[in-house]
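Next, two complexes with chain A in common: one pairs it with chain B, the other with chain C.
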Partner chain A sequence: MDRLLVKMRGKPLGALGLLIVILLVLVAIFAPLLAPYNPTDPDFMAMLQGPSDQYILGTDELGRDMLSRLIWGARASLQAGLIAVILAAGIGVPIGLISGYFRGPLDEYVVMRLTDAMMAFPVIVLALALTAIMGPSLSTAMVAIGIVYAPIFIRLARAQTLSVRETEYVEAARALGNRHIGIMIKHVLPNIASPLIIQMSVSMATAILVESALSFLGLGVQPPTPSWGSMLRIGTNYMQEAPWIAFWPGLAIFVAVLGINLFGDALRDVLDPRDR
Partner chain B sequence: MLVFIFRRLLGILPILFLITLAVFLVMQVLPGDPALMILGTEATPEALAAIRERLGLNQPLYMQYLSWIGNVLSGDLGRSMVDNSPVSRAILYALPVTLQISFLAILIALVIGVPAGVIGATRRGGIGDTVVSLIGFSCISLPGFWVAILLLYVLSLYLGWLPSSGFVRLHEDWIGSLQTSIMPAIALGLRPAGIFMRLVRSSMLEAMKSDYVRTARAKGITAMKVTLRHGLRTSLIPLLTVLSVEFAALLGNVVVIDTIFGLPGFGRLIYNSVLRLDLTMMQSLVLIFAVSVILINLLTDVAYFILDPRIKER
Partner chain C sequence: MTGSALLKPTDNSVAEPADEALLSVRNLCTYFPVRGATPFAPKRVVKAVDNLSLEVGRGKIVSIVGESGSGKTTAGRSILRLIEPTSGQVMFDGMDLGQLGPRALRDARRKMQIIFQDPFASLNPRMSIGGIIAEGLKLHSIGEGRADQRDRVAALLERVGLSADHMRRYPHEFSGGQRQRVGIARALAVEPDFILADEPVSALDVSIQAQVLNLLQDLREDLGLTMVFIAHDLSVVEYLSDRVAVMYLGRIMEIADARDLYANPQHPYTEALLSAAPIPEPGAARNRIMLKGETPSPIDPPSGCVFRTRCPIAGPECATTTPDLKPLGKGHSVACLKRG
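And then the complex of A and B:
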């Protein structure tokens, strides 16, 4: 962590990313304390109000406070991104690790070709089909994104394992008669962790984008739970009279994703100096 | 050259077979009975049996697969399970819309992304580089549907310059066509623009470190010439790879963009067929996606072959 901070010093963009990510996490954790109003409480006396002293960012079509909904929305988005990526890595890394460690025809013809086929399809289309089949909700959106992103982690973990398995320390461990499973966990996994962590940060940024797109299409978070994507969806109906409804959630998605991307790039510089 | 293309085409056949098989099998395990979907839960058993007979749902699986493939090869993609209209007609109607907007989006992405990447690489570490990096990351992080909504608000609702929805076809009125496709294309093109920017920057930095660039410099060729002739040219090959990947991703993002701009494109077709569980439509769309991705990859390979003579047929 110290090393991280020292390296961040010369990188204004990385520092900006770190700041955004920290703020985002704090907002998501302390949402109940930070939000001035109940995000799902309608106020029919204050529908579609512009920004004012009472409602800093205005209200939506049911008179709900935009700021409170945005703050709670951070929770849904971060949660979706985090769980989707953990799921993707949880499925992908073991398969990639085992496949790359043992190799053989199963690896070459089944695992590789399957990931090839899955990666040929646009992420949104696959996620859309999965959520439509499983029924729209936040958890199915997270599972769908997790499944769709798993091949990326299979490929990455496999490629990294292929290079590590030929190293002397793995050979030594094998010569000492360690069991395969032990070698994989104790010797291979720690040495392929850096690129996987970097990939997780990159994937988390796009996972948040995909989740918000699904919610925007009505296939993610369901009302009245606030989420940035579904708030934007509502906003498109009130473009003339209340453009702020669509503006704020989009800005929130943009800033959150930008922060994670910048942070991920700085992380790459710190963890993987070979790249530069 | 021709031999190379022919070999690649041959290599595609087994992949196509696998994909069609996978598509077919996935469609079989989907929950939901198409016959019930069409007639509703009130339908009599006789009516259900009749519609299963008509759709061929009571035949053994391999027969269903073979007859589907046979029909596809003869150009018949079947009929929509929802409104019984021919799938091929719906696809032919939607395809030009999506192709026009996607090509325009990629064009915009290249026009913005490549020069910006060159600027970033030549001013490495300076303020110009930081600004280009920030713009690049911003492009990657912008949600396309938000950009679309902002454009709609400013250019259509506020200024009234462009129509807010609908699509005019190119052969009807090309100016009107451009007006209806420019906003969707920008919304789709920003993300690839950011990706191209970062890619051109990093691969140019890589190339500038190489021996041949140092030699060129030593020969007294101006920095500008070296940058463009040697630096940029080397970055074209990775750019091509990413271009094909981004083009495929673009085909997915049209789902959201079509909804916002009310475009009669591929995205709307996908969205509607998924919502209504229109199996024949989904099946054909997935197949067309797969074929276009494979074709794009083939084109990329051919372009590699032309750009870099060192890549010989493997």
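And then the complex of A and C:
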């Protein structure tokens, strides 16, 4: 980790990304201490108010404090993004790696055709089906996003593995007497990690957006609990009278997505020994 | 112990029976299926290695020489069973490699190693030099603990002409010649009896080639290694080989003791390769024999003798009969209907 920090110094954009990610995580963790108001307490005397001394970022359609909702919303949004992507990569990378490493009919006719089918599957439909089983909640949304995103990681890990498996250093590893599992973990995985890390940061950013769509449909975070997505969607109904309701969560999503992508970019460079 | 066993010359005075081969390859064939131009075209194969037989005595170097695409790499990989051969037998140190299960084969790999052609592709870019060289030690539990393994890695680095502080560096920090030395150290780490060197210097600058060849030569003498050395040029292997096999389109055309082959080539292809080689003394000009045309496609090789389409002395019988290797005595064999 200290090595990581040292290396980030030479990369201002990466450092900015790291800073944003750290800030967001801190905000999510310390939301109860940071939020000036209870994010779910309506104030019917102050609905749709613009920024003021009392409510720095204004209030929403029920008079709830936008700043407090934004701070609490970081929790749901970051959790959704992070856990969904960890789930997707956790399912996808091993399958793609093993499938690409061994190839054969199982890879070509089962794994590839199944991922094709899953790629065509809309996340909303899966989320609806899961909701029927698990009930609507943030976890349901995360699992749905995780499953729907898994094929991206299967394909990417497989494609990268297909080229790495043909390299002479993999052949050297076999010649030394490695088992397949050892080759996959020591030689293939580290050499396919860079694009996977980039993909994880991209997917995490879009997962935050998908979570917002699911929340809006009532399939994710349940009202009155805030998430940036649900706030943004509600805000679009009040664009004329109270544009800040959509603006603040929109800005938060933008900054989070940007920060995560910059961070992912820099992380890839740091992990590459050629860049040391 | 600082890897002294590795650096200790083996005792050559204990005479092995002259005919005992460490490696014996019999009728090895490796065919690759190739897709036809259309899905409905008949299935075809590339006979990358066709009916290859070879004996390598303990402590000897046998070279395999041939042009690009003649199947040298495939032959080497098939011998080490890194590629599953189509048929044939490989006996190594009394073991039939084709009969070994996965576990026994992994254990046997400790005794046979490989050095690759491309030093830029053969080292894992994500592993440190120390990690690369220590991998075999860990896999085969060689050495007493991590400290001893470190010492061994340091000794190996120094043995191949690098320094012990290179351990923590990564492959991209090294030149081609240095990387090739790392590849050699990796192969030596597990104390093999046999090393297959697949064109170990052809990717290097000419000025570096001699250094790496000398290193291999030294190691071979110090450690009593048995080697198969692959090259695409007869001149590279002249002084280090005990025996030389000349390959063309997957088949051995001629095999003989090195001195005999260079002095007295029998196959027209060997003659052509020798005459193409640079000649050290200007006075000793050989009659240049130029090869006609291109190497034919291995998917659709000529009938009969595969060399006949480029052969200066081919006759009509060469199109119908495939010549087998015929012994001419003194371990010299040639596959030619017109010679021998």
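By definition in this document, the second predicted complex is superposed on the first by the 185 of 276 C-alpha atoms of A that agree within 3 Å, B and C clash if a C-alpha of one lies under 4 Å from a C-alpha of the other, contacts with A are read in each partner's own complex, and residues count from 1 in each chain.
Going forward, contacts are C-beta pairs under 8 Å (C-beta built on N, C-alpha and C of every residue); 3 or more make two chains touch, one makes a residue touch a chain.
What you see is a predicted model, and the numbers here were worked out from it, not measured in a lab.
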Q.
Contact-wise, after the overlay, does A:Leu128 reach chain B, chain C, both or neither (first, second, both, neither)?
A. first
Q. Counting only touches as set out at the top, which of chain B and chain C does A:Arg165 meet: first, second, both, neither?
A. neither
Q: Using the touch definition from the top, say if A:Arg268 reaches chain B (first), chain C (second), both or neither.
A: neither
Q) Is A:Arg64 in contact with chain B, with chain C, with both, or with neither (first, second, both, neither)? A) neither
Q) In the superposed arrangement, which partner chain does A:Ala246 touch: chain B (first), chain C (second), both, or neither? A) first
Q. Which partner does A:Leu232 contact after superposing on A: first (chain B), second (chain C), both, neither?
A. first
Q) Between chain B and chain C, which makes contact with more of the residues in chain A? A) B
Q: Please indicate which partner A:Arg155 is in contact with in the superposed arrangement: first for chain B, second for chain C, both, or neither.
A: neither
Q.
Can you tell me which positions in chain C touch chain A when the two form their complex?
A. 77, 80, 82, 106-107, 109-110, 113-114, 116-118, 121-128, 135-136, 139-140, 170, 172, 183, 186, 190
Q: Enumerate the contact residues on chain A facing chain C in the complex.
A: 167-169, 171-179, 182, 186-187, 190-191, 273-274, 276
(Q) Help me check something: in the complex, which residues belonging to chain A touch chain B? (A) 12-13, 113, 116-117, 120-125, 128-129, 132-133, 205, 209, 212-213, 216-217, 232, 235-236, 239-240, 243, 246-247, 249-251, 253-254, 257-258, 261-262, 265
Q.
Help me check something: in the complex, which residues belonging to chain B touch chain A?
A. 15, 18-19, 22, 30-31, 130, 133-134, 137-138, 140-146, 149-150, 152-153, 157, 248-253, 255-256, 259-260, 270-271, 274-275, 277, 282, 286, 289-290, 293-294
